[in-house]
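What follows is a set of structures for review.
Two complexes are shown next, each including chain A; its partner changes from chain B in the first to chain C in the second.
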Partner chain A sequence: MSSQAGPVNTPAATGELPRVRDVQTRRNAELALLGFAMALVAAYSATIQLTMFDTITGNFWVPAAVLSVLFLGLHLVVRYAAPYADPALIPAVALLNGIGVGFLRRLDLAEAPAAERLNYPIFAGTGGRQLAWTLISVVLAAVVLMIVKDHRAISRYAYTLGLGGIVLVLIPALLPRSLSEINGAKLWIKFGSFSIQPGEFAKLALLAFFAYYLVRKREVLSLASRRVLGVDFPRGRDLGPVLAVWAVSLLVLIFEKDLGTSLLYFGMFVVTLYIATERVSWLIIGLLLFFGGAYSAYLLGASVGGPFANFYDRAQIWLDPFSDPYLRGYQLVQSLLGLGSGGLFGAGPGGGQPTKIPEVHNDFIFAGLGEEIGLFGLSALLIIYLLIVQRGLRAGLAVRDSFGKLLAGGLAFTLALQVFVIVGGISRLIPLTGQTTPFLSAGGSSLMANWMLIAVVLRVSDAARRPVDASVSARPSGSSASAPAQLHGAPTEVIKP
Partner chain B sequence: MNAPLRRVGVVVLVLFALLFVNLNWVQAYKADEYRNSDYNGRVQIAEYERERGVIEAGRTALASSKPTDGELKYIREYPAGEAYAHVVGYNPVNLAATGIEKSEDEFLAGTSDALVADRISDLWTGEKTPGGSVLLSLSKRAQETAFKEMSNNRVGVDKGAAVALDPRTGAVQALVSMPSFDPNPLADHDTDAAEAAYDKLESDPGKPLINRALSETYPPGSTFKVIDAAAALESGYTQQTQIPAGSVYRAPTSGTDIRNAAASICPESQVSLKEALTESCNTGFAKLAVALGADKIKEEARKFGFGQTDLTCGRLNGEGLPVAPSETGDIKNPDGGDDPAALAQSGIGQNNVRMTPMQGALIAAAVANDGKQMRPYLVQKLLGPDRTTSHYTATPKELNGAVVSGQVARDLQEMMVSVVENGTGRNAQINNVVVGGKTGTAQSSADREDHGWFIGFAIKDGKPVSAVAVFLQEAGSGGSAEAARIGGQIMRAVVTDAGGS
Partner chain C sequence: MAGDFVVEVARIGFIILLWIFVFTVVGVIRRDLFAGARSSRLVAAPRGVGASTGQQRPAKVKRGRAAHQLVVTAGQLAGTRITLGDGQITIGRAEDSTLVITDDYASARHARLVPRSGQWFVEDLGSTNGTYLDRAKVTGPTPVPLGVPIRIGRTSLELRP
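Moving on to the complex of A and B:
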């Protein structure tokens, strides 16, 4: 808070419009918030121990301390590599990540034999593994921040990233089931006991490509249009790319058997398209295409079956989970019963029976948490997610270049959509799908990808808040060769027909 | 691009608001329903922290909880085993509870509102006060006699049911369904073992988990003639009124011949109403039913409790084991006109007439209690954890008001006593006790043996002390005589059991 590192701009120094705003880095605020978040994580672990053991062991603070060291390291990297980055992002994400580690460890304790619980090793079980994944993810985020000095540099690899993204998406669909299917969704690449979810990384790669492509095409997409019923609709030939992404997302739905992933990709694309073109018609077309496609898949599942059967099944479970409460509806029924048993205040950390819910480590972690921290606790977690998303959107608003706006806005929205899809799924707002809960669910792929996403948003927010002269001086070399192409550096244009 | 970005921010807010509203729905509005769902094993685990109350009858524990070393601190035990299984039910870890274990669950678990004072005192002491105790109305001797006699019946039947009521109060004195089962394996803490035990019982062809006394209906056969007789007496007939009989009767327009069980029964063209009931004269009652008309018969059955869809047997406030409704059917042509053939068959308890053994006992109880039918109940008393505070004591209530007038009831009593003294129900006789009743042999289906029925009552020193219904499924010949014998044994046990009622 007291940091005054931001140089005060004078019109004479920058040659631009006078800026009297005093830009602060707010890094000390970040540090204080981080300390607060870690104190909460430690208190959470202590409460779990108190509930489960009736006593607090001497090592309750160890996971929180390990996490604190990791996040402190990231904080230092941000101080050096992105000093103007948004100060609320890392503490908010760290809190979610810490609660996730604490809850996974709590699940390990419940599953361990009673005699071993008091002395359960810190790095054992899913909780320990999650701690290790956090280490790798935070290092990865730091590396991204240090390598990508300017987010516009990402656009230079847009086509590579786009191609890579599509390959990542399609690998599980093409692999045999034995190597790609877990719990009915073909979203994985399995190597023995180890498996990765390439879709998590594909999200980032595809979004970078979308942002680049749409910045280039936005004029033609937004200008050439026909007016129907007061809404501007695009020309037929411009629909091509949208239809292509729609087709790919439907293929994902059918061959990877996962509505959530499909919705995620398609939603991501349509929303970036909307942000780029400012045309509501794209949203309407997108929603109609998606729901039309999903509904057709449902009808085909009911009549033809085959590849559509899985989606039809899930929709049926969603419509009435209690019709088959022990087999097909079991997961959702147990999830709802867990949430309901938690009620408003929850059973208290460590006081519930989250292990009654299958897959509580992954897809259903939010339901498991909900049983123990109740509606109030879950609402707090949702607000933290909302904070992260709105901070990402703010970075998009504040950054000057179109690519950065699309990148930050798109990534923030993707995160929001993923939270919506999984939390909506486990609480029976929408049909259940196999998404991870960002930063909470056990699993390296999701954690790494989402931390990389945060690193990119941090990078954009740094560019957004950085005073102009500081950003000039911070450019890696200042040489014209590494300067971004003029297109991506161009300021926002306001286009009205 | 800032305007759409801001709008995306609003969209995100809307999405999160949807999540928030939906979580409110699940965690607040539906919370109680989900928390107490039959599929929810969580609350039960929390319940095992507290010693569950005892279910007992006649100072004998029928269900109690024993401390364990496991994660679930108490295990449920059913020391009385099979004999009480269909009344007590079971309270498994993962499966759905049944019987009194289900209907009195909150009180037994100590979570009922009545026990809130005990839970508040727990806050100070840090202890978990056990749940409350449920005292059943069952007579230990009558229940055990009923179970023993039903299990060792002399016609070799393995399916059936017996119910005994106190006609003056409605207290259930005995309630047995055959075949029975041992509830103990279902309460096993090893949920896989419990589920395996459940699956085994569920797939047993004898369907032991079904409570045949309450939840199944069967054709009542000749026991339904008591209803016909009541309808006749109310329409101005007397015991001595001569009614048309004969060895064969074919209803007008259509239908099959109705004959009597033996050629010696009412071959004459007219017999008295009392004689017809004593001998169980089929032709007489078929003709009587046709003479009285379908509406009268249906109305009489309804007054005795047929068609009641919400009857339960547990506490008198409506919580308890559900009793399936007994039915007479429409007794009409498909076009709505009279159907004398169906009416003739219905009059002798066939066609679409179906009743539960509980309904049979309710008919006998109403007759024995001078026409006043009492609501049946199983829960006599609820005692707090200290076993002195009473939270509920059954105060007998009438079920359907005065079913028939006192005079009609006394006529029916005399006629039914004649059945036991001179007619088909001789096996039910008890020394020094006035016993009345009616046997029944009901055709189940063409290729199966007939069901055997007996409904009856015992009057000692001028007071009705017990009313029974005994049902032997597909018992064949001799079934109703054996049912009468078992009915007599159960009532004798009630009379000898001083502490029973």
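Moving on to the complex of A and C:
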């Protein structure tokens, strides 16, 4: 940046330069927190074994140890590639990921025959697969950190990423149902027994594109406006992009039958728009458009059916799950019963019956966890999400370029919205939609995409906290200035010790 | 019975440990959360008041009072802070500036901040709309006291300890 100009322009200054307070990288704090998080994961699996078997086997620590080695590796990569990155992010994410792996393993144990339980293999079952996915995801995050040396480089590929994102969103909608539909939502690409959810990666690509587009257009979008009722509203023709994204997310809702993903894309765009322009009117317009769209989809589902029927069904279940508790409302009713029987402190890790909830390893993992760790435990997990989001927003606030601000702010908000959509869904605050719980749910696509998200946020926070000209500058000018001073025998009082 | 007791302790202990972890994380990021607020309220204001005396004797800046941060207090980048090193800070719309401001009244290379003998100097780089130190237009290199706003278009910057 400006470092090459510094030595040339800065004149002789051998005296007391502004003393640089040692900017702490805080990597040791990160390491200590990481140790704590992994100790918690080990304690979690020990408690599970104690509750389920009345004894602790010798290998309870193995998954935690595998994860520790993995995260230690990531920590070392961060030390090398992003030394000023935020210290709280990796430990918080690692804890969620570790608890997810522990809980999935606990589900495997509950379903395994009694004889195999005591020495259940590490990489077996859903928990084992999640452990393997974690391995791949963390390596991917490290690769992102190594390749993307400066987050502004991402903006160079903005249009490519935007196009790629749209293609990824559209693939499942266009594929035949047999290749893309799981549980009524067409969000997948299936290859035999293996399936990926391209939308998870699309959200990262689309966000990078939104950020780039809005940095370019922010002046038009925020300056030209009309004032109605004390709120600045944009001109009609500037509404184009937001209407386009709204239409795309409605198409997702109709053809992929997934309210969560469509809410996620639309909310992501509106919030990036809001961060770019600081106009509350965009939030109002966005909320009106979304609720209008969702409500008319509901009405259409009631009268026409067809592509809207799925959404209408879900809304009906949400309004009254107990009207049909054994069939359509079964999932949600079991989830609510699980949360309710957990109460304040829960049945203890391993003490509940989470296997009664359908899809507990995936969408309903928060309900399953809630039964065992109770409201106190769940709120701790929610606060950990909150801290991760806060660190992302903080990085966005502190970074020095607009693209980085929009990128970090948008990514942090996306994570928050995803947690809101799924936790709101399982606790019947909003209609349930098939979103994964970031870092907890079983599923490789979600885990990989969210770890990549964290890698980008780490990269932005490194740029935000890195002091200007950390190493270079002033040294060459200092020596060239002190040499003439000695030659000419300049008065010594100029140079202060 | 003893087994039940151990299970109970483990159950509650895990939740307590979870919360201790939450508070430890908050403790680690606490400094970052409150650093800005504290320095702006308690430290910067009094020094900005006594700044006129410091202006004549810029060399006498004491070690503890040297500027360590450049904070954007108004404009689109408000809230941004740059930790000062010993290199100069360039400000403008150009992408390679240290602080890239997207202010309609800013030039591509608007101004720069240069450290000399422990004092930071602001220098206008021939901008169209000018750089102001508090109310006065900056013509040559001018020493910048702590807490006094440098105004560029709608953006305000301050040095903070």
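Quick note on the criterion: the second predicted complex is superposed on the first by the 448 of 497 C-alpha atoms of A that agree within 3 Å, B and C clash if a C-alpha of one lies under 4 Å from a C-alpha of the other, contacts with A are read in each partner's own complex, and residues count from 1 in each chain.
Here is the rule we use: contacts are C-beta pairs under 8 Å (C-beta built on N, C-alpha and C of every residue); 3 or more make two chains touch, one makes a residue touch a chain.
Quick caveat, the model's predicted, so the values are computed rather than measured.
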Touching partner for A:Val333 - first (chain B), second (chain C), both, neither: first
Partner chain(s) touched by A:Phe36 [first = chain B, second = chain C, both, neither]: second
First (chain B), second (chain C), both or neither touched by A:Ser402: both
Which superposed partner A:Gly305 touches (first chain B, second chain C, both, neither): neither
Partner chain in contact with A:Ile384 - chain B first, chain C second, else both or neither: second
First (chain B), second (chain C), both or neither touched by A:Gly374: both
Which superposed partner A:Phe420 touches (first chain B, second chain C, both, neither): first
Chain B versus chain C as contact partner of A:Thr51, first or second or both or neither: second
Partner, of chain C and chain B, that touches more residues belonging to chain A: C
Intersection of chain A interface sets (partners chain B, chain C): 278, 374, 390, 397, 402
Of all residues in chain A, those that touch chain C in their complex: 1-3, 5-6, 9-11, 13, 15-21, 23, 26, 29, 33, 36-37, 40, 43-44, 46-47, 50-51, 54, 86-88, 91-92, 95, 218-219, 278, 345-349, 351, 373-374, 376-377, 380-381, 383-384, 387, 390-391, 394, 397-402, 465, 467-470, 472-474, 496
Residue numbers on chain B that touch chain A, as the complex places them: 1-6, 8-9, 11-13, 15-16, 18-20, 22-24, 26-28, 30-35, 37, 39-43, 45, 71
Chain C residues touching chain A - in the complex, by the definition given at the top: 3, 6-8, 10-15, 17-19, 21-22, 24-26, 28-29, 32, 59, 61, 63, 66-68, 76-77, 79-90, 96-100, 102, 104, 112, 114-120
Complex contacts: residues of chain A adjacent to chain B: 114, 271, 274-276, 278, 322, 325-326, 333-334, 336-344, 352-353, 356, 370-371, 374-375, 378-379, 382, 385-386, 389-390, 393, 396-397, 402, 405-406, 409, 412-413, 416-417, 419-420, 423-424, 427-429, 492
